[in-house]
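Structures for review follow.
Okay, so chain A shows up in both of these, paired with chain B first and chain C after.
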Partner chain A sequence: MDKQLISRGTSRTPLPRFMLWILPWVAMLGIGLYAIFLCLSKGLNQTNMDNRFSFGLWIYLDLTVIALGAGAFFTGFLLYILKRKELKAVINSAVTIGFICYSGAVAVLAVDVGQPLRAWFTFWHPNVHSMLAEVTFCITCYLIVLIIEYIPVVLKNRRIKNVPSMLVFEFELHKLMVVLAAVGTFLSFFHQGSLGGLYGVLVGRPFAFRPALGIWPTTFFLFIISAAAVGPSFILLTTWLTSKISRKQLVKPEVLQDLGKISGSILIFYIILKTVDTIFWINSVHALGFSPAGFFRIQEFGTWILFLEIVVLGLVPAILLLSNRVRQNTTLLVLSATLACAGIVLNRYVMTIQTLALPTLPFDQFLSYSPSWQEVATFLAVIAYGMLVYSFSFRYLTLFPQEREIQSV
Partner chain B sequence: METNHTSPRYGMVIDVDRCTGCGNCMVACAVENNVPPADPKATERTGTTWMRVSKLENGLPFPENRSVYLPVSCQQCDHHTPCVSVCPQNAVEYDTESGIVAQIPVRCFGCRYCVTACPYHARYYNWWDPVWPEGMEKTLNPDVSTRMRGVVEKCNFCHGRLQAARAKAAAEGRRTIADAEYVPACGESCPTHAIHFGNLSDPNSDVSMLSKDKRAFRLLEELGTEPKVYFLSEQDWVHAIVKNKISTELKGHGNG
Partner chain C sequence: MLSLVFAYAWSTGNIIFLGAFFTIVAIIVATLVTTTLRTLRALRANAAEAIRWKSDFHDMPSSSRTCRHVFTGEFERRVCNNEFNCNGCEQHALLLAQQNAAAMPVNAQMNPGFALPLDRLYSRGHTWTKQNTDGTYVIGVDDFAARLIGTPSAIDLPAIGTRLSINGSAWNFKKGETSVRMLSPLEGEVVETSDGAQGWYLRVQPLSADVKTGHLLRGAEVGPWIQREFDRLQNYLADPKIGLTLPDGGMPVRDFTAEFPEKDWDAIYSTLLLEP
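Up next, the complex of A and B:
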């Protein structure tokens, strides 16, 4: 049965070995589900969040996975709208990763809010001025788009394909892909942006607050561009990692190089804008009477964090990814993509955790926060869920269409 | 004196030089607004205290050491109210009839975005189910709804008292209420009369005149949120502390 589900022309590890691979992830998911049960039944007193640290690990995780999952919309945009045909080799994997990231983020959000059964209120009487309302609308719609995009990948499974009606359904869905890619791009632009806007509009938090360009704060645009920059890098990393773990060549080397080039080109643009934004921020907080350096003088949040984010994990990977010689060396290419992804992971950390850690009242004390085991277990459950969905998808679905071609050679 | 303005803007002036830090305002607030006894596991950072008294010290050694108590509740921002614009489902509203920033817990789904947005840490999330010891539920104020676990709450200038005063005035055929008819529990209970309350739009009101006093200051005024809670102090070092921005000069100023 197992062998009949695996795509023709590809080989996969024997079933017992595969079971051994998924076992730790199933255990991790189980512990996480127990932690989620505790949070839902007993309340968020199971976490270490409090009235000062009202956002914690989960919101940080959401922001990060959604930025990394941006590869789905951006690859779709490049392939279907800009006709970059070489990206067809990774589009199925990108869609799967996008689906995992977004569904995981929505699941964590459902645990993170105090009254998840009231989540529909946002649709019933939304505050159109709220960035969070915009995030909720766009993420919900985009998750639906991702589900519709993921269905054809599932329907292409060897066994399901044998059912004629499914084949027709898949064919019809496939015709919609251009439209879905366009809708997905539109929705993604808005929610990536509004996630940035989430902090940019906080007038009471001068560290995060940014002036508006039109109706959106500058972080709105920075989040869109940074997500578009690292999305392809994350696809590059996951493809390379899957290739290493499965010990199979899945795509031609040029595909990874292309992804690296796209990532580098957008990242350099992002770093320029981020630098300009930081200079403007320094001037604007100075005008309010704050000392910009003061924000970096408290506890461990020194200016080194800004340097690390903009230079070491921004400018350096951008320059590396733009170099043809670096891209042709797989180790350096993967290292550069890792640095680029780490830069965005750090940016989301700074925007969430540093913003909340800094005192706002002149007589406030700096307060720290470390997540409870329930928060960590819930976080790990999302990782485990992602690993499981991706592992099964890789085994039974065609995530990398070039694989068969490469293996036959 | 009858308030003649069609749209009052209620505000508060707290004389910190008069405040002894007795905490009576905190107790009166909790009783008036049905704030449940804290869960045994609650901490200073997870408990609910709509009114929180902070201690400020000048940081000098004896005999020059000085301290004041600063009761901080929702500052009722009048402009660019940080919490109103962020709530995704309109669970925070600015009442144009009174200037009061109101929280609507039955609409709130507990995302805590407003808690993050408030620079005064005046918003409280219900981390536990509210539990009153047996018999204590008889002390609940029937004019104020209790809140459930998983929603946010905060000071609303004892809005229940405003509603009751309006209802009484309407029953007597009046369209407006007198200043003395509506005073929040904290102001009423303060034994040193440190808390003044009234209509800021009325130039002749007590609060309106005190808010223009040279001793007056507001917290984080530079953010432009126009808080409707003012503080009074004659002591220069108090003004110096509250004008301090986030900086390394935090040493010596405790938060009691």
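Up next, the complex of A and C:
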């Protein structure tokens, strides 16, 4: 039965070994589900967040996975709108990763906000003065788009496509994928931006506040561009990791190189803008009477974090990814993509945790926060959920259409 | 709803913001409704098999989609993106007009030992068809597929009256746990079935007087095509430790599966019999 579900022309690890692989993830998911149950039944007192430190590990996770999941919309945009056909080799994997990232983020948001049964309030009574209203609308709509985009990948399963109605539905849905790609791009553009804008409008927090370009703060644009930059790098990284774990070549080397080039081109643009933004920020906080370096000298955070984010995890991978020689060396290519992803992970950390930890009033203390085990378990549950969905998808669906062709040569 | 929101105003900005998102929701709903309606229409029109072929074709490796004009040496390398629908291919029409049949003699040397009579037409899925004197067509499997499958454990033939579409499913062989789909070379209605003892499996009545056979291989194309198919098979059967080896004579065995039981025949059938 198991073999009958695996795509023809591809081989997968024996079922017992696969079960052994998923067992720890199932256990991790189980513990996380228990933590989620505690949070939903007993309330947010199960967390270490409070009214002052209201954005913690979960929001950090949301921002990070949504940035890394941007590969789904950006790859779809490049493939279906700009007709970069070579990306067909990774589009199914990109959609799966996007689906995992967004569904995981929405699940954690449901726990974070609490009272998920009242989630519909946000749509019926939207607070149009809040960036979060836009984020909620966009993420919900985009998750629906990702589910619809993931459906054809599932319906292409060897057994499911034998059912004529499923086959025809998949075929007809695929024909309209360009519409979904366009909608996904529109939605991603705005919610990635609004997640950044969320911090940029915090007038009372000079560390995060940025001047507006039009109606949006500069962080709005920086978040969009940074997500578009690392999305392809994350697809590159996950493809390489899957290839290593499964010990199979899944795509032609040119595909990874193309992803690296795309990522590097946008990343260098982002780093230039980020540098300009940082220089403007230094001048603007100075004009307000603050010492820009002072924000980094408080307790744990030093200016090294800024250097690490912009130079080591930004400029360096951007230059490496733009080098043809580096891209042809798989180890360096993967290392560069890892650095780029790490840069965005750090950026989202700085924007979420560092912003909230810094005191805003003279009598304020530096806030420290460490998540409770329930928060950590919920965080890990999303990781486990992602690993499970991706593992099952890789086993039973065609995530990499080139794999079969490569095996047959 | 919105009037209940504190400080909500029907300002231009709010209308644009909410209008954009409700438009998105409408587009998503419209996409799903359109897909569902198109699906129902296609199913009612019995187009599922034609769609299956279109879907399968684009999932096939490029090595399975070699243009027929490569077999005749008109191209060194060309991949078909037209679902083997040569009737709708401009390049095919152009080359056909230029072709001189006499300049392309049938090269028996190109056939590596399979019995492929040239009195019939061959589909790329290794079925053949031949017209009877009564206007019906018989459909069978070519010698290459017959040796590839060997003795099937079961044959799942369509019911009399079943309508076949070009490159749609014709019938299935069972070989152990593997099901092997054979493609129909032409469109028609099944009027008789056979277990293959007479050399064919189906007899079909074409649905119109204009029987579409332009996509089927014939004459000088058959030898080079089967040679290429045999090369692909050898690629699969090669010992990975040794690499590809070439036979220095002899005839193909009657049942390849019996000679190479350890090979992944599911994958081989999938590639060579065009069922990804």
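To be clear about the criterion, the second predicted complex is superposed on the first by the 408 of 409 C-alpha atoms of A that agree within 3 Å, B and C clash if a C-alpha of one lies under 4 Å from a C-alpha of the other, contacts with A are read in each partner's own complex, and residues count from 1 in each chain.
The rule we apply is simple: contacts are C-beta pairs under 8 Å (C-beta built on N, C-alpha and C of every residue); 3 or more make two chains touch, one makes a residue touch a chain.
These numbers come from a predicted model, not from an experiment.
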Touching partner for A:85 - first (chain B), second (chain C), both, neither: neither
Contacts of A:17 with chain B and chain C, given as first, second, both or neither: neither
Which of chain B and chain C A:247 touches, first, second, both or neither: neither
Touching partner for A:125 - first (chain B), second (chain C), both, neither: both
Chain touching more of chain A, residue-wise (chain B, chain C): B
First (chain B), second (chain C), both or neither touched by A:325: neither
Which of chain B and chain C A:404 touches, first, second, both or neither: second
Shared chain A contacts, counted only where both chain B and chain C touch the same residue: 124-127, 129
Chain C partner contacts - residues on chain A that touch it in the complex: 3-4, 8-11, 124-129, 134, 137-138, 141, 144-145, 148, 156, 161, 164-165, 167-173, 175-176, 179-180, 183, 186-187, 398, 401, 404-405, 407-409
Of chain A, residues touching chain B in the complex: 43-45, 49-55, 112-116, 118-119, 121-122, 124-127, 129-133, 135-136, 198, 201-207, 288-291, 294-295, 297-298, 355-356, 358-367
List of chain B residues in touch with chain A within their complex: 39, 41, 43, 45-46, 54, 56, 70, 72, 80, 82, 85-91, 107-113, 115-121, 123-129, 148-152, 219-220, 222-225, 241-248, 250, 253-255
Chain A partner contacts - residues on chain C that touch it in the complex: 1-2, 4-5, 7-8, 13-14, 17-18, 21, 24-25, 27-28, 31-32, 34-36, 38-39, 42-43, 47-48, 51-52, 54-55, 59, 61-63, 177, 235-236, 264, 266-267, 270-271, 275-276
